[in-house]
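Naming follows writing order (A, B, C and D), and every chain is counted from residue 1.
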Amino acid sequence: MSQQIVFFILAAITLTSAIAVVALRNLFHAALALMASFLGVAGIYILLEAGFLGMAQLLVYIGAISILIIFAVMMTRRMMQTRETPFNSQVVAALIGTLLSFAVLVVVIGQLYPLVPGTDTMLGSAPAVDPAIIENSTARMGLSFVSADGYVLPFEAASVLLLAALVGSIIIAWPRSGEEENL
Amino acid sequence: MLADWQYIAIFVALSPIFPLAPVVLNRLLGPHRPNPVKQQTYECGIETVGDTWIQFKIQYYIYALVFVVFDIEAVFLFPIAAAYGQLDLFAIAATVLFIFLLADGLIYAWSRGVLEWV
Amino acid sequence: MIPLSWYLLLSAALFSVGLFGVLARRNAIAILMGVELMLNAVNINLIAFWRYLTPDRSVGMVWATFVLTVAAAEAAVGLALIISIYRNRDSVNVEELDTLKN
Amino acid sequence: MSTIIDLLKSLLSLSLGDFIRRTFGTSPGIELLIDIGGVVILSTFCLLIVIFLIWLERKLIARMQDRIGPNRVGGRYGALQTVADVVKLLSKEIIHPSGADWISYNAAPILTVIAALLVWAVMPFAPGVIGVDLNIGVFYVMAISSASVMVLLLAGWGSNNKYALLGAFRAVAQMVSYEVPMILALLVPVILARTMSTDGIIAAQSIPFLLFAPVSALIFYISSLAETGRTPFDLLEAESEIVAGFHIEYGGMKFGMFFLAEFVNTLFWSGMFATLYLGGYRFFGLENWVSADGYPYGRMIGLIVFFIKTFSVYFVYVWIRGTLPRVRVDQILNYNWKFLVPLSLVLIFFVALIDKLIPAGTGPAARMSIHLALNLLLAFLTLEVLRRRGRQFRESLSGGDGPGGREALFPDDDHGHGSDAHEAPAHDDHGDMPLGSREPIAVPIH
């Protein structure tokens, strides 16, 4: 019962701030709302007993990506003073399309999984597992990153991706020599 | 596991009280007579010229960028470190390769000169 | 006592909000924020399925971490592009960035 | 009567929770109350000890600078000086700068204190005296302190002030940079203990990790200095450059909240250093002493030991502040990216490799010796590289031959012309030279 209350609070935080992200004209406020949304999602992870990923969400999304976004907002800030609508010309079509796709998703989920809580129906509540399994899930994940029958290839690919992202961003963002830095 | 986080949840719920109490107390105890001059932003006595949200160097973005990469690295390395007892030499080699690839990024940034503060 | 479908519904809603942001915003940074929301929705799904179906294996958490990585890389490169475009064209409004049309 | 004695004994043995469970039975409601009580006690402790910390720091700094420090309010030792300051802050007018962003401006001081308090949840004070022993404790600390960096941007942006925004940007760049070596240094205790739980790391320290990994400890300490924004890394404030940094527009208790968070954080990192590298509350097993009637009095010993260690580390913070001048912003960032980060990468590389190569049955002392030897070797090599680089740098400045070094070091120095300056009159346009003179005024270098 208390878990359900917590779930609804977190879902409300996540969705309200997500809507604020797409609706607010002031980009700085939108970035703040984005952070609140990330926080809500981190709470959802913790509710799903993935505490490590909840904290990783905090570390990466709020501690790093949000800072990148806010820096970018500051650097392109002249845009923020426009009084015009934050939406582009296809806003109505986007709204209809989004609502339609959401409706389809709801119907599909409703068909596949029970919507009411209950232990008797399958997936009506989180299956009980040995606490040790949850307790060791972080170390197990670490092990599977680097074991040969695990995910060592995606793991190394992730580091190559990060390297490429770093090098690429520096090449793109760094002003070429001679170019006047007019930021 | 979830019981552990119950404490954190209570902490998060209660902790705003502790900073809010003094701030609200200050609001109640302190005087409140605002006037336009008092509310001017501080700029060493002269009036603010131009708009405040001036723009900043690309440098800040680059530092944040390198930080993001190492932050992700932490997300990978901490679970591996927690599982250190069960790792074999192959796993260590994979981790070392991972760190080495990211160090490459740092070396690139260094040699490119983007880490120089100008 | 939370059924799996609630998490999936939350994720679907978050995904839709993000999708709307991507489709309807003018500012490129706002579009990127929408993409981040969609990636978060994906992660909720991954972790919910991990917890409900395979809690004794690490596959869900592992891929959630990879999504996190991709999100960070995407944000880094995307924002670098936006800053670069802004420097050259003085705008981050996607409706004005139509160089390829001409 | 026996209940009161039980209560007193429980208080003395820091096992109030057990007392409540004994007296009122166990139920989820009681557990919830115990948790709430724990949160309140922990937070109140953190807030109140700041009053003492500020007084202590002022006294210590004063002694280091050959002053007396607070000596009026509350007796000879000025013991109530901070209380008077708090009262002063409480009676200040709250001023809202014009054009400030209401939400960010007001949320920032609150959030910074929340973040500073939340990290204490995993601090082990004594055996069993810990908010909650998360199995990802160290990662939790990093996540919270990393997320708290955002607060600076909130404060800087919300204030509608150039100095505040500039200060916030600088502060974020600095804190974000120093988080990298800190994360990498923290990996070393985690590898050595094979767990991220703070209590588990203490349990693994039959020999303090300071002896296993002095280089990691040093990197962690330096990064924590920068994270809390203390001298020599107090660029966030830099009174002489950007007036006060991101909290320039804050007054009264809102400013007080930033101040408070800074001290709480400093104490926290001291405690974390004691926990991760000095063995925390461990004191030759005495901390686990349980009396015959079942009260774990050893916890009190553990608590005292923990605070002795923590305050020793804290004293070094104050000592550094009393000793070192502030460094420049480019020096801060270069020092981090070109020294600390590469060094910690190499360190983590070697520690991960060596600890695996040590056979499983090795005793802690032998293991410690191998790690210590590795660390000393690494420190020696680092110093050697630095020495070579320094010599190269000096030689490149002096152009290879002899005493021209000073001129190259100070190219704008009007008086420092060396021997080869006669052939190349590069400073013709200097104002203090006789017009048309081909011969620079030769003032010998002393």
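The definition used in the following text is that contacts are C-beta pairs under 8 Å (C-beta built on N, C-alpha and C of every residue); 3 or more make two chains touch, one makes a residue touch a chain.
Just so we're clear, the structure is a prediction, and the values are computed from it rather than from any experiment.
Trainee: Touching subunit B and subunit C alike: which chains?
Mentor: A
Trainee: By C-alpha centroid distance to the whole-protein centroid, which chain wins?
Mentor: Here the chain at the core of the arrangement is B.
Trainee: By the contact definition above, name the pair with the higher C-beta contact count: A-D or A-C.
Mentor: A-C
Trainee: Could you put a whole-Å number on the gap between the CA centroids of subunit A and subunit D?
Mentor: Chain centroid spacing, subunit A to subunit D, equals 30 Å.
Trainee: What is the distance in Å between the mean C-alpha positions of subunit A and subunit C?
Mentor: Computed from C-alpha means, the inter-chain centre distance equals 6 Å.
Trainee: So the centre of each chain is just the mean of its C-alpha atoms; given that, what is the distance between subunit B and subunit D in Å?
Mentor: 15
Trainee: Give the residues of subunit B that touch two or more other chains, as numbers and ranges in rising order.
Mentor: In subunit B, residues 1, 4-5, 8, 53, 56, 58, 60-61, 64-69, 71-76, 78, 81-83, 87, 92, 95, 109 touch at least two other chains, as defined above.
Trainee: Where in subunit D do residues touch two or more of the other chains?
Mentor: Residue numbers touching two or more other chains: 134-136, 139, 142, 146, 157, 169, 172, 176, 179, 196.
Trainee: Which subunit A residues sit where two or more other chains touch them?
Mentor: 3, 47, 49, 51-52, 56, 59-60, 63-65, 67-68, 71-72, 74-75, 78, 134-135, 138, 140-141, 143, 145, 158, 162, 165-166, 169-170, 173, 175, 181, 183
Trainee: Based on the touch definition given at the start, go ahead and assign the chain network to line, ring, star, complete or other.
Mentor: Shape = other; not a path, cycle, star or full graph.
Trainee: Which of the chains are touching one another, listed as pairs?
Mentor: A-B, A-C, A-D, B-C, B-D
Trainee: Using the touch definition from the top, list the residues of subunit C that touch subunit B in their complex.
Mentor: Touching subunit B from subunit C are residues 65, 68-69, 72, 75-76, 79-80, 83.
Trainee: Which stretch or stretches of subunit B touch subunit A in the complex?
Mentor: Per the stated touch rule, the residues are 1-2, 4-5, 8-9, 53, 55-58, 60-62, 64-69, 71-76, 78-83, 86-88, 90-92, 94-95, 97-98, 101-102, 104-105, 108-109, 112, 114.
Trainee: For subunit B, which residues are in contact with subunit C within the complex?
Mentor: 58, 61, 65, 68-69, 71-72, 75-76
Trainee: In the complex formed with subunit D, which residues of subunit A make contact?
Mentor: 28-29, 32, 35, 51-52, 55-56, 58-59, 62-64, 66-67, 70, 74, 135, 138
Trainee: Which bits of subunit A are touching subunit C when the two form their complex?
Mentor: For this pair, the touching residues of subunit A are 1, 3-4, 7, 11, 14-15, 18-19, 21-22, 27, 30-31, 34, 37-38, 41, 44-45, 47-50, 52-53, 56-57, 60-61, 64-65, 68-69, 71-73, 75-76, 78-79, 85-91, 93-95, 97-99, 101-102, 105-106, 109-110, 112-119, 123-127, 129, 133-134, 137, 140-141, 143-145, 150-151, 154, 158, 161-162, 164-166, 168-170, 172-173, 175, 181-183.
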